[in-house]
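In structure tokens below, several structures.
Each of the two complexes below includes chain A, the first together with chain B, the second together with chain C.
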Partner chain A sequence: MEFSIDRGEFTQALALTQGVVERRNTMPILANVLLEAGEDLSIAATDLEVHIKRRCGAKVAEAGAATVAARKFYELVRELAPGDVTIRLLDNHFVEVTSGRSRVRLVGLPAEDFPTFPQADGSSDSAFTIDVEILARMIDRTLFAVSTDDTRAHLGGVFLTGAGETLRFVGTDGHRLALVSESVGGASAPEKGIILPRKGLTELRRLVEGRDGEASVSIGGNVVRVELADVALVMRLIDGEFPNYEQVIPGEVKFRVAIAKDELLSALKRVSVVASDRSRGVRLALANGQMTVSASSPDFGEASEELEVSYDGDDLTVGFNSRYLTDVLAVLPDTQKVEIGLIDDVSPGVICSEGDDTYSYVVMPMRL
Partner chain B sequence: MTAPARCVLHVDMDAFFASIEQLDRPELRGKPVLVGHAGPRGVVAAASYEARKFGCHSAQPMAVALRMCPRAVVVPGRGRRYQEVSQRVFSIFRDFSPLVEPISLDEAFLDLTGTRELFGDPVEAAEAIRRRIREETGLTASVGVAPNKFLAKLGSDENKPDGITVVTDHEIENWLPTLSIRKMWGVGKATEAKLTSAGVRTIGDLARLGETGLAPILGREAGRFARLARGLDDRAVTPRREPKSVGHERTFEVDLPTPEDVRRILLGLVEKTARRLRAAGMRSRGLTLKIRFGNYETITRSRTFRDATDATDELWREAKAGFDAWADASFRPVRLIGVSAGHLERADAQLGLFPDARRERSSAVDRATDAIVAKFGSGAIRRGS
Partner chain C sequence: MARIRQLPPHIVNKIAAGEVIERPASVVKELVENALDAGAKRIDVTVEEGGATRIRVQDDGHGMARDDLALAFRSHATSKLRDADDLFHIATMGFRGEALASIGSISRTTLRTREPEEETGYELVHETGEDGEVKVAAVHRGTTIDVQNLFMNVPVRRRFLKSPSVELGHVTDVMTRFAIAYPEIGFSLLHGKRRVLELDAARDMRERIGSLYGEALAKELIRVDSELDTTRLAGWIAPPHHDRPRQDRIFVFLNGRHIKDRTLIHAIHEGYRGLLMTRRHPTVFLTVEIDPQEVDVNVHPTKIEVRFRDSKPLHQLVRRSLRDALQSAELAPRVTAPSQGESTSGEAPKRDTASNEKDDVRDAIRDYLGSASRKSAVRDTGADRSLWAPTPAKDDVSREERATPSSVSPTGGRQASEPESETPRYAGPERESSERPASPSDRPISTSPSRGVAEPDAGFERVGGSFDGSTEDPEESADPSRPVQLHQTYILRETDDGFALTDQHALHERILYHRIHDRVRSGTVISQRLLIPETIDLTPGEIERLLAHQNELHRIGFEIRRQGEDGIAVHAIPDVLRKLPTRELVDQVVSWIGRDEEDQGGEKDFIDAFIEMAACKAAIKAGDPLEVEQMKDLLRQGDALPTSSSCPHGRPTTVRFTIADLEKWFRRIV
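Right after this comes the complex of A and B.
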């Protein structure tokens, strides 16, 4: 195997694979990237849960394949002088990197030991295409709410479901839940629903950053396959039962206030400074056309801030984990007001962007 | 400008448990009273002043106490009642300062440094606290008023019962040096023996030797002792100490001969422990079993688990697993069995979206049990092992 490629382009392509490679793994080969030179070059990495394969143009002198330690290889290529870099497979799986006056020999492992990339077998249960900007937004608006608790694997991913032209993503950690629905052309998303793992979605989000165009998604067996122009990603689905999320979304709320997003976000950031480190609890108190955001802890002190809102209901005070509020405000657009719907101090609150019925966020209060 | 001199109070209720018994049962007044279990292996939890005249004191084996004072009336302890009175006493403390550091049910430090403006002279405040305790609970307390915790504690001990001691520079110079080293915190039998054999008998002796003189005897502790002996102590009064563990243990009159017997008692102890966790709003992530044999040899078995819990079911599962692992391999008749729940964290105040069916059910059972126990006492309901 021998090929030459522009260092800049190569660095970018390798960067995309870095997140997939496990830092701690039991199989040494999984710490490597697979380089396959044929008509063009493909770079693959996997942790057996998420597979990624990036194609890029290269001048291939001799077809073949090699594997080399992903991180070391990336660090090296990134530091090479601009211009072309030549990669050649030597005996005993050594990989030679030459660029200008640099010559580096890296230890490799046999390419045939690298796990095969799951091929599309054409028997997918469902498939659809989606605009990558919409895909990115749907991930951004749900992935942050997904559980990071390894003991609750079924909450460790985003639930994807669909009906007709509508595609829906749901993320929850058991305390808050984010739900986004978008209509996508020619969709036939699985009605039953599947759970996409956090890591796979994080990598997918990285792939679509700054891109436009369409992604084609196909779901079959226990994997989902996403194809973009020059890159493919396959992730294994989480096997588990997603909770019945629809039953926890309040149908009717009693109190509704609209408030400028920036004002609320910065008030929360200021006030939560004195909230207890552990609970991060803040109180939202509604009374007489005002919402008072306050927090206190014996260790740090107390803070409160008044915000003008359009509100004329009964007085109500509800406690929330401030991070659960700032998380969602961070993904809502600056241009619209946010709407907060409340029922009482032990029932879920609902947050959405005014005039946007595609997104809602449900958050449980905390007792303060 | 110099910082105002600190003012710390140590308030110690006089023979707390015994005094409550005498208060609630007038026929016990003026008589020697021992609170604790009467059996051969019982331990004195509190002795009334009438009993102390005979040499009885708390933590003494009941049998020894009864030899010293055969006329003493032995009454079983009533933890709930003591707790209730303790809460009333502590609420009086909190009227005088937000800085109240509980040491036990009947003892606390109060920092009055910042409240001088409010309550005037600390000695008057101390008298006011004693008066209110007397009026509102019918009990007496002894108080030490001093510039720090160490001296305040020595002070409250000086004029017991029903006394007040104010420690000023005069006392630090003339009284402190005369006290026995046994009065020092951290001086147990071993340290006392070491000091005595070096000719150190009083706090004054300690002060004279100083850090360098004490180093060969006390090692790393020398500096601390030398400072305390000169009446110096800058430890802060820290309110609301969270408990590190919650637990119960029981000693048997006759060693329990079979694992089944011990397991049955252990279940009761786990139930009580879980109930206290729930009442305190805490959850535990680790249990320690303590097992003592007839020859006083004691072993412990610890288990930690991933999710903190306050559920009787889950705690019992862990306790039972730990006990069975030991009992199956090497059971011996047991003199004492104890369980303590450690690695405590505050129970979550965050409400959940989805009910966890198993946990909900078990917590509903626990809530119902707690309510029954609160109303009818712990004998009213038992779990089947």
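Right after this comes the complex of A and C.
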């Protein structure tokens, strides 16, 4: 195998694969990237849960395949002088990198040991295309709410479901839940729903960053495959029963309050400084035309801030984990007011952007 | 068909003997009790072959009159009880009148006695229930009872006797109990020709414990002495590090009688709660003096079990007294230098005549050691700094941000502060050199004590010391109170009389334990409601158990409701334990409540168990690197606690070493 490629383009392509490379290093081959030179060059990495394959143009002198330590290879290529770099497979799986006057020989592993990239077998259960900007936004608005807790595997990913033209993403960790629905052309998302793992979505989000165009998504067996112009990503689905999320969304809220997003976000950040322990609990106290955000703890002190709001309901005080509130405020648009719907101090609160019915966020109160 | 007949007295006695006399040790117990009731000042016991062939108990008490001898072996003949009312204020050890009759019915027993004021003594031989002739004999003042061939006519019992060494062990246990309960009385125990115990009258219980278990224990004993109404509790308890794998050093004497009472033993463990590891037992010597009317000792023939009219106040008294005593004592185990053998004392004179040259060497070594320790301190913290340089810098920013909220821009996204926080990362070396000449007071004060280490998660990142790790500053490294972290697990610090090592996890756990405890008491435990109530299948018994404690569960942050026939729904959980699977959490609570029920007495122990678990989960772990300021803060908080010498699991938090120990190790003194 031998090919030459522009260093800049090569660096970018390698960067995309870095996140997937297995860190714990249980199988040495998974710490490597696979380089396959044919008509063009493809770079693949996997941790067996998520597979990623990037194609890029290269001058291929001799077809073939090689693997080399992903991180070392990336570090090296990044530091090479601008211009073309030539990669050649030597005996004993050594990979030679030449660029200008530098010549580096890297230890490699047999390419045939590298796990095969799951091929589309054409028997997908469902398939649709989606605008990558919408896809990125849907991930942004749900992935943060996903559980990081290893003991709740079924909550460790975003639930994807659809009905007709509507595609829905749901993320929850059992304390709060984010739900976004977007209408997409020609969608046939699986009604039953699937759970996309956090890591796969994180990688996918990275792939679509700054891109436009469409992504085609196909779901089959226990994997989902996402194709962009020059990259393909396959992730294994999480096997498990996603909770019945619809039952937790209150049908009717009793009290509604609208407030400028930035005001609320910065008030929360200030007040939660004195909030206690890891819970970062804050109280939202509603009264006519006014919301008081407060927190206190015996160890740090107390803080409160009054905000003007449009509210004419009963007086009500509810406690929340302030991080659950700031998390969602961070993904809501700056331009619209935030609407908070409440029932009482033990029922879920609902947060959304005023006038936007595509997104809602449900958060459980905290007893402080 | 067999006719019903009244059993002849000798059979009755044999049956009673089966209850009272299980083994030679029982004989010793009964006879020593008799001796004590006779006002003896010295009791000598001799046994042969573990007591199987011979048990002799000799006292110097008031003896018996000739006329009484005829009744001595009759059952229910006693000098100690006259009517049934006496039973309820029993002040003597024996009272049932069964002991001698029982012993006499199953052995050949010789009784020799002389009253102090009489000149002649008497001897009576009694064999398997039959009295012999009362003879005049020359005998010591007091009573000697010589029991031979125990169980001679009860072959079954005889066969079931264990080896002489086991039986002797039981006899020794019995004697030890008497010895502790009656320190003012001299005791001896001979096995054949071998002297097992030789205890002269002691001044007090502590002296007696010293002769039984060694001065090392006696020296560390903590005095307990308290009263409640007519009940008096006194005795000595050992610090937790004298713990035992069995309950073999828990001695409770009720009105002078050794008893094993579950309530009291539970109360003792409660007193030590949090100071002992699980399945370890304390060393405790307690006497309880209680109005005889408040207790029924006539529950069991061997009187080891008793029944209290109301055990609750006593349970409380014991628990509180022990806890108070332990809290007032300084509990950190001290490490003592290895005691020096004879050889070193031989060296001593040599050192006295040491030449100046030798002193010079010593000084040189001291200098070397001094500089070496400085050097290593420099190296350690130097490494820390380079590793942690970004963190303190970031913390500075975040602290400012928190301290002066108005400085945060209204658009203040997460990114806002980032660029600033990045810069010091690369400015490390320059900043360090520019800071070096600054006097220590110019250095930023890194943290207020109130914003403590003990804040569970973010706490440590937040307190993160500023650049006060500028180790090149000679004043800094000479700071005597400056703690050093060893292997990211232990904190070493200088104390007034030496130095101390602290386990960072154990201490932090102890601090959090108190903090969470306060929260539970003040009802401010933070509870997170669940989006989807978690349904958990349980047995009907477990469900009842949980529901019966709804209020307490609510206090520690749970909200639980019945869900169908065989399950509960968890609606809210304590926020500190949110990372744990709910199922595991509930199972844990159920088992704690179950344990409480078995133990009785100890109300609401599961709350304590909950606090322990929460503290453990939230505490910093071994292996977490700490900044100097964090360590100081941690130690400061530890010092402020009422009991900080052990973590809630009973592991010690701090071990102290004295300068004298050091000097011994290095043979500066011997």
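As a working rule, the second predicted complex is superposed on the first by the 368 of 368 C-alpha atoms of A that agree within 3 Å, B and C clash if a C-alpha of one lies under 4 Å from a C-alpha of the other, contacts with A are read in each partner's own complex, and residues count from 1 in each chain.
Heads up, the rule we're going with is that contacts are C-beta pairs under 8 Å (C-beta built on N, C-alpha and C of every residue); 3 or more make two chains touch, one makes a residue touch a chain.
Because the structure is a prediction, the values reported are computed rather than measured.
Partners chain B and chain C, once the complexes are superposed on chain A, run into each other and clash. When the two complexes are overlaid on their common chain A, residue A:Val248 makes contact with chain B and with chain C alike.
By the touch criterion defined above, A:Pro365 lies against chain B and chain C together after alignment on the C-alpha atoms of chain A. Of the two partner chains, chain B and chain C are each touched by A:His175.
In the overlay built on the shared chain, the residue A:Val107 is in contact with neither chain B nor chain C. Looking at the superposition, the partner that touches the larger set of chain A residues, chain B or chain C, turns out to be C. In summary, superposing the two complexes on chain A brings one listed stretch of chain B into steric overlap with chain C, and the stretch in question is 58-66; the others among 58-66, 112-120, 130-138 or 166-174 show no clashing C-alpha atoms. 151, 172, 174-177, 243-244, 248, 278-279, 281, 298, 321, 346, 348, 362, 364-368 are the residues of chain A that lie in the contact sets of both chain B and chain C, per the superposition on chain A. Residue ranges of chain C in contact with chain A, taken from their complex: 402, 405, 408, 410-414, 450-452, 454-458, 515, 518, 524, 526-532, 534, 557, 572, 575-576, 578-581, 618. Taken in their complex, chain A has these residues touching chain C: 149, 151-152, 172, 174-177, 243-244, 247-248, 262-263, 265-266, 269-270, 273, 276-279, 281, 298-300, 321, 330, 334, 346, 348, 362, 364-368.
In the complex of the two chains, the chain A residues touching chain B come out as 151, 172, 174-177, 243-244, 248, 278-279, 281, 298, 319, 321, 346, 348, 362, 364-368. If you check the complex, the residues on chain B that touch chain A are 240, 306-307, 346, 349-354.
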